[in-house]
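Heads up, there are several structures right after this.
What follows is a pair of complexes built around chain A, which joins chain B in one and chain C in the other.
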Partner chain A sequence: MKHELVNKPDFDVLVLSGDIDLHHSPTLRERILSSLKGGRPLLIDMQEVSYIDSSGIASLVEGFQTAKSSNLHFGLLSISSPTLQVLAITRLDKIFSLYETEDSFIEILEL
Partner chain B sequence: MAATKLLNFTFPASPEHLCTVRTKLRDTLGSARFPQETIDCIVLAIGEACMNIIQHAYCDGDCGDIVLEIVRQDSCLVFRLTDFARHKSRQEEMQSRPLDEIRPGGLGCHIINEIMDEVELLDCGNRQGNILQMKKELTS
Partner chain C sequence: MTQETAIEIRDLVVEYGNRRILNSIDLDIPLGQISVIMGGSGAGKSTLLRSMLGLKKPTSGAIRMLGTDICTASPGQLQEFRKQMGVAFQGGALFTSMTVGENIQLPLRQHTRLDENTIQIMTRIKLDMVNMLPHEHLMPSELSGGMTKRAALARAIIMDPKLLFFDEPSAGLDPITSAELDELIIKLKQSMNMTIVVVTHELESVFKIADRIAILGDGGLILAGTPEEIRASDDPRVVGLLNRTPRQVNVDVDQHLRRLSGLQEASDKK
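The block that comes next holds the complex of A and B.
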């Protein structure tokens, strides 16, 4: 897994790529939670994620819950097909806020 | 039709080896010309099963290997994961948890049960370790 945190004016984007499994999910969890500690909305760019297992999904769920308890927007951007498959099996596709573009996330922030 | 062994692969039960297991699975199932969607589902389910062994069977400092066997039997693929852990797994541990509880963790068994048609812990007798057998009907 590769990751890069991009600071936008009103939110952060965590860009992920490659495979996310038990070897990488502790790093993903740490990156998400440390970003949310800054008190800014977080968008996770999943477009280049080639594989994610339930440990990676657990890191996303923890981020979602932490953001919710801090009243911060938390979304997933450009979900790749392998990620969508796992979210659908676990029925979390109905729980996460999914965005096709960064602009649609910005629209939500401006409401 | 006789059973055909497609793979017998032994690897250390540690997270950094999960990537190698996925590559082996993709190569083996790809050579047998299974549809990509089927391969992706199987890779996910076997990855979850390996993760369960790493996290829950080889626990409390116990470590060892996992053996992954794949056999094609008529229209069915049989996957067998053998570990040599001190912990004895129970069939109840393979059950899914309620999905309406939104919390991290505990989704692996649900994923395995959704993808595979049969999931069963085989009796190892007095031998240390566990054998998890999963079956996937290729027509389903």
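The block that comes next holds the complex of A and C.
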């Protein structure tokens, strides 16, 4: 897994790529939680994620829960079809805020 | 088009003492598909499963799983390889002194150093997958047969294994619970891209879930193929199994009389 945190004017984007499995999910968790500590909305760009296992999804769930309790927007951008299937089997596709474009996330922030 | 193979079994012979249970089995289990191993009682299904799990060392032959020959692997290699495997045993094999949740977390606690929050969330994700989320804190003794099977399945998939083995998922379950488990197995294949091996003799379940079917009989592989190929077979042993026809046993009168009177046993001991 590769990751890069990009600071936008009103939010952060965590750009992920590659496989996210048991070996990488602790890093993902740490990146998400440390970014949220800054008090800014967070968009996770998953366009280049080839595989995510349930430890990675658990990190996303914890991030979402942390953001929610701090009243921060937390979104997932460009989820691939296989990842969506993994989310759907546990109904997490209905829980997370999923975005197809960065602009649609910005629109939500502006509401 | 060649299909990628998850498990290659070549010329496998397994014996218990002098008794040969599996005789020269050649079988390929394709990657990312549901393969069902079926056969009557005593056909060698469980022995084949135990051999694939590395629990029974074959007398000869090879089993290559995801490129690793588990027959020649060292105990350390086998231990490492097992992290890629999940097994749901027929009886559940849950630890009776632990709650359902604790049972499911066990592989994570043994094999990973994940944060406690991650472990708890993963446990609940898997419990939700098998519709057991409300029962996380129950003890195994408080579960029905179907709940035990689902809890065992949740534990088997907690590490997102590449290979999932499921021993008799439908045995002893009512038709509705059995159908729900079948649906779940199909969803796991589709969403998690698992290679799934199911050992069963429940025909309804077999034709609902299987991409490939292997039929064992008398220690040998009778036939392996797609459900359509199995249905089209005119092999009397396959037809008998599918039609639930009782086996015809040829009786040698003299030999049978000798067995009943104990003479055969006496001559065997000589």
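We adopt the following convention: the second predicted complex is superposed on the first by the 111 of 111 C-alpha atoms of A that agree within 3 Å, B and C clash if a C-alpha of one lies under 4 Å from a C-alpha of the other, contacts with A are read in each partner's own complex, and residues count from 1 in each chain.
In this text, a contact is a pair of C-beta atoms (placed from the backbone, for glycine too) under 8 Å apart; a residue touches a chain by one contact, two chains touch by 3 or more.
Bear in mind the structure is a predicted one, so any value in this text is a computation, not a measurement.
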Room on chain A for both chain B and chain C (clash or fit): clash
Touching partner for A:22 - first (chain B), second (chain C), both, neither: both
Chain B versus chain C as contact partner of A:82, first or second or both or neither: both
Partner chain(s) touched by A:57 [first = chain B, second = chain C, both, neither]: both
Contacts of A:91 with chain B and chain C, given as first, second, both or neither: both
Superposition clash, chain C against chain B - the stretch among 3-11, 39-47, 237-245 or 255-263 that is involved: 3-11
Touching both chain C and chain B, counted on chain A across the two superposed complexes: 21-22, 53-55, 57-59, 61-62, 82, 85-86, 89-92
Parts of chain A lying in touch with chain C, wherever the complex brings them together: 21-22, 25-26, 29, 53-55, 57-59, 61-62, 82, 85-86, 88-92
Contact set on chain A toward chain B in their complex: 19, 21-23, 51, 53-55, 57-59, 61-62, 64-65, 82, 85-86, 89-92, 95
For the chain C and chain A complex, residues of the former touching the latter: 112-115, 117-118, 121-122, 125-126, 128-129, 158-160, 187-188, 190-193
Footprint of chain A on chain B - complex, ascending: 15-16, 18-19, 22, 40-41, 43-44, 47-48, 51, 54-55, 99, 102-105, 107-108, 110-111, 114-115
